[in-house]
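Presented sequentially are two complexes of chain A, the first with chain B as partner and the second with chain C.
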Partner chain A sequence: MVEATRWGREVNGIGRREAEESEGALCGDDVWNGIGESARRPADAPQRTGSGGGAASEVTPEEGEGWRGTGFTRWDAIGEAHWNSSPGCDLNDQIEQLQQAVSDEVCAPELLPFAERLVADVQAVLQYQQQQLGQVHADTANGIVSAIGDRLAQHLQRQDCMRVRYALRNYYRVRLWKAQRHATHYLRESQSDPRCLSPLEEAFLRRYQRNMVHHLNESFLKHVPEPLRRLDDVERNQSGHGTELNMVTAPDLDEYVVARFVHPCELDLAATGQSLPQAFPFRQGDVFCLRYRFVRDALLRGDVELI
Partner chain B sequence: MACEAGLEMIRELRQAQQLPPYRAESIQTVLVAIEGQFRAVEQGVLALRERAEAGQRRPPAYIGGRLLIQRAQMLREKRYVLAYLMNRLWRIERACWERDASLHPGGTAATASGDSGRTALLSAQEREYAERYQALLGWYGGAVGMGLLEELHVPPKDWLVEVRVRQDCGSVVMASTGETVRLAAGTMHFVARSDVELLIQSGKLEHVPPSRMDGCDR
Partner chain C sequence: MLTRGPTLSELEYSAEDVLIWIEPRVSVPVLHLIAGDFGPLLPPETALVPLWVALALRRSGYCRVRAPVWLTVEWLERQFEAERESRVLTAMPFRFEEVATLLLEGAADDVADAARVRACLENLLGMRQGKLRRGLQDIQHSDMIKLNGIGAMELATLRPVLKNVLEGLHALEEEEEEVGDEGVVNASADRHTGEATMAHANGTPGSARSSMATAPRRLLLRHPGAVP
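Up next, the complex of A and B:
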């Protein structure tokens, strides 16, 4: 079964949750909130049935009805087998996971382990949706004209694809930018921890490092005496006794981050220097600003999200 | 002192909003200084070793201290130049991401060398590095199945966008539909964003945002 993209999830998630929570009709605007600003125009607002989205589960989907109360089931899934299915299909939470992965990657000072399975699944869903849209486009080219509601559905589906693809593209980009800053450090880390980089990222970093070393050699290092041509010098006591200057820089784990605790957990904050217990309890929903070093393990376990 | 040349390069780079011209003569000055200091340190160490092997009295401490300072100065100047080169590389990489025409490989400013003797903005090695980096980005984008240079700053709002043509682009084939569209200067078109994003970023097309309807909540 092919799961819906995030847009489908939002429409159904909002409708279903609000249907469960209140007996009142779901406002059309609430439905459109999950779709996007471009859809929030009065002219494009869905035709509400008398009971609105709260009664979505009671409406039988009909071909060509488009938005009239069948929108929820329409948007449930992308595959043909589900065009006429009743509400209740699985929602794709992986899109939300992808967005959280992007947020974590942007906020964390170091490169987090590559979410291989998540990325592969999202790419598979995108590819399937692209095939569906391509089929629709081919049908249109062959003179098979779809109903107005279907065309609108395809347009929104295409928009949803576009936004998910943007999130995925952002994930790749942020990781590349972070990896480039400390290329040598991450290439060394990947020797001991293969999860750090994907195979493509590792290949990229090797070529990147090779280009950079070649450039520095050609511009400067080949003209200096032989003992000074290294790029991994460690100078000790140059800035005072006990100091160390390493040419291979590593990310600063003492940067402050804003962390939201998804699950209750305890963190060892004794190293902060404040009079805090060794196992400081955090409750679910707590939001704290603290050094990344202290939440690193909790982030990797999934107990913490960075915002 | 040679330290001043290295410091001057770093200061100029830090204060400049845009990438300044490549300072080949400053780097050469630092190279000459490093070479001189290295020879001095080498000779000093050799003299100390010979003195120790000959069983002579231990030399004053300041001699060893002077060698250490010279060595530290030499390494510092090496770091000056490397920091200068690395910072320029980072700016070149950012220009590659943003498709900055002034630094883009093949751009007129990148290879400018006027009659007045003004040095080129990028050195030959930097131009080569920019081309390799661009090729590397293209390779990675192809490997993951999506171009990484698209939609760099703003998340996509609409699949279809209205554009006004500023410069004549000729007939362009739209990848999404396969149609050929004549982009004449002054005309407006309603096309897929992904087909014309490169032209929008280069400034040949202007994105016309949709007009806000009265009473539309945002």
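Up next, the complex of A and C:
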């Protein structure tokens, strides 16, 4: 049902479909046509070194009226009506990607591969910007007076640096928190897949593991008989036939996460290993709460974001 | 539940990246920030900047913020009507609650009729909360829940409840199947069978197993022959 009023059309977007009566649907089925949305860019976007970074002028909504897109990107949140000309600002996509990486890490139960390229780029830009600011600071210390506009710009640049540093630190912090929960598991995984941990994280986890083992030994393990001192035992068949209890815990991939589909895709909703391929089609802009296991591959491909 | 989701401060931080139009009162050449190049601020032309820049300038009186199109009484009232008529959540900008809060606190003078806007917003939020709560009561299966149109803050408050509900339901479903299918091999492995999931998602008549998952526990119904 398309509403006839101007506001109705603008609010609900052009691509609105009938709401489906599907069981288990908590909320709406309004589909945005996603014209105003900037698609998730690959991690190898052009590096920004202080002059003209990722172009955001790809955002060119059609009739230029009302509010388009999914409302998820920064462009859509204001619902501006005048998109006829280019908006007059040049956005750095990598900051948005970093924010999304933080969001993914915070929501996912397992540690995602380290975004090496993204972090290196952002750190390089941050360093450059701080050097610029340092230069300006030296100038003012030497008595060179700048116009009010320039001082304002410097203040904003300093605040911007703090924001980016916070985002980066948050990323490291969340990753370390998750890594510590299952340190041995991730160290084992990083042997086979070097992408999952950064070198610094790996070094940290080794020290952490060493400390933990030392602490446990000193506290009580040294008083325990020799054969019971291992920290990676696997107990088999203790809780019934075929069960396995592992001292080295792995993250629980069956936790529920809220995923937003950036690109339409079909997910196999059968449990992994089953022979029944039940591909459920997801549309762009759908937000679902489902088990992490089902969206894991799509997340690593970039079709899905965790919010 | 071990993953926490974004905290409220993180949500506010993300909301401050949203772009907004301002009318600057001071002349600033192109702003070269890490977040992007914004500029140049030449009064009286309007400029598009991130929300944190707008608020920083507003605090020192260097600009006037232009409220987004959805932060007006008419728009919010219309949206309220649409929300009332719709069975499900209507679509709103993802971070509307945070952006609205930041603007009403930091630039209340620039928002037309701020007190009424606040009241309309609260009505709208209340209605949406009511729908979410009723939706929670209607959850029958722990497979998937569709949350189109939800806002970031609403999701943050809903997340722990939703996770507990779904995990509890899932544990109950597992228990039902394990208790009921003792004579069948691979009972627990089949609990995620797409068949059952698809049946619920599409509303098509499900298999005997899916109907068992929703029916109250009646052990008499379960026998190896009925399991696909």
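Just so we're on the same page, the second predicted complex is superposed on the first by the 211 of 307 C-alpha atoms of A that agree within 3 Å, B and C clash if a C-alpha of one lies under 4 Å from a C-alpha of the other, contacts with A are read in each partner's own complex, and residues count from 1 in each chain.
FYI, contacts are C-beta pairs under 8 Å (C-beta built on N, C-alpha and C of every residue); 3 or more make two chains touch, one makes a residue touch a chain.
None of these values were measured; they are calculated from a predicted model.
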Next item on the list: Please tell me which partner, chain B or chain C, touches more residues of chain A.
Entry: C
Item checked: First, second, both or neither for A:Val248, with chain B first and chain C second -> neither
Notebook entry, point to check: Should A:Leu118 be classified as contacting the first partner (chain B), the second (chain C), both, or neither?
Noted result: neither
Notebook entry, point to check: Given the touch rule stated above, what does A:Val213 touch, chain B (first), chain C (second), both, or neither?
Noted result: neither
Note to self: Contacts for A:Val262 in the overlay, against chain B (first) and chain C (second): which applies, first, second, both or neither?
What the structure shows: neither
Note to self: Going by the contact rule set out at the top, does A:Gln159 touch chain B (first), chain C (second), both, or neither?
What the structure shows: both
Check: So, A:Asp233: does it touch chain B (first), chain C (second), both, or neither?
Finding: first
Item checked: On chain A, the residue positions that both chain B and chain C contact, one per complex -> 29, 155, 159, 163, 166
Checklist line | chain C residues within the chain A interface of the complex | finding: 1-6, 10, 13-14, 16-21, 26-29, 31-39, 41, 47-50, 52-53, 56-57, 60, 62, 68-70, 74-75, 78-79, 82, 86-96, 99, 131-132, 135-136, 138-141, 143-150, 152, 155, 159, 162-163, 166-167, 170, 189-195, 197-198, 200-203
Note to self: Please output the residues of chain B touching chain A within their complex, sorted ascending.
What the structure shows: 27, 31, 34-35, 38, 72, 74-75, 78-79, 81-82, 85-86, 89, 93, 123, 125-126, 128-129, 132-133, 136, 139-140, 143-148, 150-152, 155-159, 177, 193-194, 210, 213, 215-218
Notebook entry, point to check: Inside the complex, what are the residues of chain A that reach chain B?
Noted result: 29, 36-38, 40-43, 123, 137, 155, 158-159, 162-163, 165-166, 168-169, 172-173, 176, 180, 200, 204, 207-208, 211-212, 215-216, 218-220, 223-225, 227-228, 231, 233, 235, 238, 247
Note to self: So in the complex, the part of chain A that touches chain C is made up of which residues?
What the structure shows: 3, 5, 7-8, 11-13, 19, 21-32, 48, 50-53, 56, 66-67, 70-72, 74-81, 87-92, 95-96, 99, 102-103, 106-109, 122, 125-126, 129, 148-150, 152-153, 155-157, 159-161, 163-164, 166-167, 170, 181, 251-252, 254-258, 268-271, 273-274, 276-278, 280, 285-290, 307
